[in-house]
Amino acid sequence: MQIASFAEVAERYPVIFLDAYGVLKNYRGVLTGIPEVIANFEARGKEIFIVTNDASKSPEIMARAYVLAGHELIRADQHITSGMLVTDWLSAKVRNGRVAYLGKPESAYYIESAGLEALPIASCSYEERVEAIALLDDEGFDWQPDLNRALNMLRRHNVPVVIANADPTYPVNPSDVAVAVGSLGNLLEGLLHKRFIRFGKPDAIMFYYAFERALIKNPSLRRQDILMVGDTLETDILGGNKFGIDTALVLSGNTSPDDAETQIRATGIIPDHVCASILT
Amino acid sequence: MQIASFAEVAERYPVIFLDAYGVLKNYRGVLTGIPEVIANFEARGKEIFIVTNDASKSPEIMARAYVLAGHELIRADQHITSGMLVTDWLSAKVRNGRVAYLGKPESAYYIESAGLEALPIASCSYEERVEAIALLDDEGFDWQPDLNRALNMLRRHNVPVVIANADPTYPVNPSDVAVAVGSLGNLLEGLLHKRFIRFGKPDAIMFYYAFERALIKNPSLRRQDILMVGDTLETDILGGNKFGIDTALVLSGNTSPDDAETQIRATGIIPDHVCASILT
Amino acid sequence: MQIASFAEVAERYPVIFLDAYGVLKNYRGVLTGIPEVIANFEARGKEIFIVTNDASKSPEIMARAYVLAGHELIRADQHITSGMLVTDWLSAKVRNGRVAYLGKPESAYYIESAGLEALPIASCSYEERVEAIALLDDEGFDWQPDLNRALNMLRRHNVPVVIANADPTYPVNPSDVAVAVGSLGNLLEGLLHKRFIRFGKPDAIMFYYAFERALIKNPSLRRQDILMVGDTLETDILGGNKFGIDTALVLSGNTSPDDAETQIRATGIIPDHVCASILT
Amino acid sequence: MQIASFAEVAERYPVIFLDAYGVLKNYRGVLTGIPEVIANFEARGKEIFIVTNDASKSPEIMARAYVLAGHELIRADQHITSGMLVTDWLSAKVRNGRVAYLGKPESAYYIESAGLEALPIASCSYEERVEAIALLDDEGFDWQPDLNRALNMLRRHNVPVVIANADPTYPVNPSDVAVAVGSLGNLLEGLLHKRFIRFGKPDAIMFYYAFERALIKNPSLRRQDILMVGDTLETDILGGNKFGIDTALVLSGNTSPDDAETQIRATGIIPDHVCASILT
């Protein structure tokens, strides 16, 4: 396994898709040096998009994190979040009525943006009739009563369930992780023997959305012009590979320099490039 | 599918293993008429044993539920609980030290009976060194912090995890269920990619324990002399079948009369007898 | 569950995506009356596309099945096959070299169309170096030696594996099914603990391809203008629902009229419409 | 991880359970030096038992492999095979009639020993009525037609399926493996959504059988007097640990010296001892 300089790898690609967590930021916020790297990409005419499994807040709020000299470096419309796919799906398939959700109040944004009423699961009776249930975030509710509530609501009424973030865990500091809403979804799905609808990497739809948005500015863009950069083999690299674009694994997040080679061999998920971080 | 009278079916078997929940009791307690049926079994010389996936309290406390005219009908030593297998396993493999657990304080009985110190997970730091972790019950702790705590403890220290009850859910009233500790174990096991040790039906060890106890009184007992009675195909009937004893499904609990035939065909788990309840 | 007339349902949608097997054809070929129905769709200005999990032959060969009065009713370019996604992926990610495959010689079309050399697994040694392995069809090879060969090649060399058809089984006559290549892929993936790349419904990429092709003719097409029609909840309906288009389940194939309601409830996969067949 | 001398470890245990493949023999036969080690165990009064996931031939035939100076070192009655559990189960639950099987003709021994008629799957029609289906070995039949035959027989008639060997693969030479019948069972079970009955390590029943046999000679034997020795964490060590006996991992088979520590950490399956081989 060769470690390449990210600057050299990026040279070849006019469009770069970036995972946020583990690449641009960590549990403490945006990493030192990142705003300068992004400003430099833009100065050289590269288009960048964030492709993130996150439905905890709106793209507008996310955009506020990347600021240099008072200037927003990555606009809301450069963010493709798994939450947006939920909004899009609700608009297409649910259309009107109430959607019950698990998550923080801020995550209700993704239901309300579809013109629907968002109802915390905690406020529902077991008999409650809703059009769909959305699993948005692992925080903002009491797990035991609310998971039991979701389970019994779904045993009574056959409504679709969408999961906005298929990640099993997420890092909360350099050594610890927390159970993510994707795992709570797996738990419920296994008990009900039903099929939930999952959005987020590695699902290729995330990449299609970003690709479509990139095409607006550059209609002759081809997939070979795009590089997906991420810290996680199972989501960023597997998804980018499946979508048919080149992929770069960075070792600044979930995948440590010590583990990278073993994990690539063990999972069969092979990035086109491996770089220490995008700062290199 | 023929529905047989339980009294007639039971006639042929000198020893009867009974599941508790859904057979003898429900969420409100012991069913009307059950004490008389048990007293009648004993009057006719049948030996009975409870074989139950339960680690929420000790056999002594469980025995107090079955009383007729002030007389305990099913003694503590006629109870084989999945919790007892945990005690037995801890005695054999852990021997001394501290065991962290998820569950109600009463379930710590099964750790303390092995001569070990029981520590609620809530009192542990992520760095805590324990000899094993035991998942005993779904109640008695706050799920979000304590599941995250168990997850991170196990990422730091490679210790065995035992689950005292492999059931995925349990009924809390005629229409609702609750997520059981077995499902919380599945969630953690999936995230860690480790192998936990599960005790309880359908695992055949439960039946071995009951069989060994029955042999004490009747050393010439053969497996064909035993009938396992339960309300759940996936635990009672699958486990009894695998152990090689005859099985009777009763329709007084998890499996409703409307569903029984469909479920038997769908799962391929075939009881030797089907009865409405043990009161018939 | 209400059974609607397909003609009435289809009225509202200018674009119709159709599964082939179980909708237009069965094990004996195209169903009686289907060519007339298709001709009628076209006469009324509807655009139709076949969206099929099939990599056993080229779209050109598939198109020859739908003929009325010597006229090809569904052109090759109206066929979206899971095999085409494999070709597309190989073009994007492999680019040159040799790809070993399991399947009939005809299925090699999907490798050769990407400008690559197709090598039957049977002709490979365990040491063989190839760029990727493609699982294309369940026929055309000897399972025991060739699955063992694929397994050992993948234990030696870490190369990507693509599966052209994720279906677990397919019907071979009204009462019997055959194990499909998707299940052979699951078997190998489980043994290797690696992540293979699967193409085909329910994956939403299939629908994106069809959508993109429909946009060429009608650039103002919206997803709500499209109806997906299929006989299988797990692929056609789940995939269409996830892509955000309306779905119609027909009862002329995998899902029988007796089972439809039970299966919809059991799986939680809910079609917008249910019709006896597209002939109604 | 400390590597101990097996001779020193074994000193403490009057009874030793041994896996065969990877411990006593490999693909070429019994390892050099093994007969002498076994003879020495017996000279020092230790009782040994083979506990093996194997249903390819009878214990009588297996016993012929361990010979020193014309003397059979490990008698047939010291072999506990997963095939014996199948025989035992068929005797208890099927009693009479015909059992269809996948496997070599020699493996039919385990059906015929239960007094039943053994029928190769290849000789069955899809309509065939049998009392049970037994998956005994991966060889002796043509996979594609016979797996499809088993699948369709089980879709027609709801009969129990027993698997005599739950191992996913087995080594055929130092670098290659072959798909075992356990994996073929997983494939069929997944397609049918039914529950098969699996025998073999890590299931604790294997250990119970060996324990019961050891008790005959020494009725005061306790579990702490027994050591289980094997080369595979997932079967030998997990099973021995669950049964509550001490376990020793040897590095002469499936687990290489380089991988042992990583695998113990990754799986959470912790042996009490690690030794290079039983020759040390």
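First chain written, first letter: the chains are A, B, C and D, and each begins at residue 1.
Criterion: a contact is a pair of C-beta atoms (placed from the backbone, for glycine too) under 8 Å apart; a residue touches a chain by one contact, two chains touch by 3 or more.
None of the values given here were measured: they were computed from a predicted structure.
Colleague: Could you tell me which chains make contact with subunit C and subunit D both?
Modeller: none
Colleague: From the mean C-alpha coordinate of subunit B to that of subunit C, what's the distance rounded to whole Å?
Modeller: The answer is 45 Å.
Colleague: Report the inter-chain centroid distance for subunit B and subunit D in whole angstrom, where each centroid is the mean of the CA atoms.
Modeller: 28
Colleague: I need the residues of subunit A touching at least two other chains; which ones are they?
Modeller: none
Colleague: Under the stated touch criterion, can you name all the chain pairs that qualify?
Modeller: According to the stated criterion, the contacting chain pairs are A-B, A-C, B-D, C-D.
Colleague: Flag every residue of subunit A that touches subunit C in the complex, lowest number first.
Modeller: Those in contact with subunit C are residues 88-89, 91-93, 154, 158-161, 192-197, 203-205, 208, 223-224, 234, 238, 241-242, 244-245, 264-270.
Colleague: Please output the residues of subunit D touching subunit C within their complex, sorted ascending.
Modeller: 126, 138, 142-144, 147-148, 151-152, 155-156, 168-169, 175-179, 183-184, 186-187, 190-191
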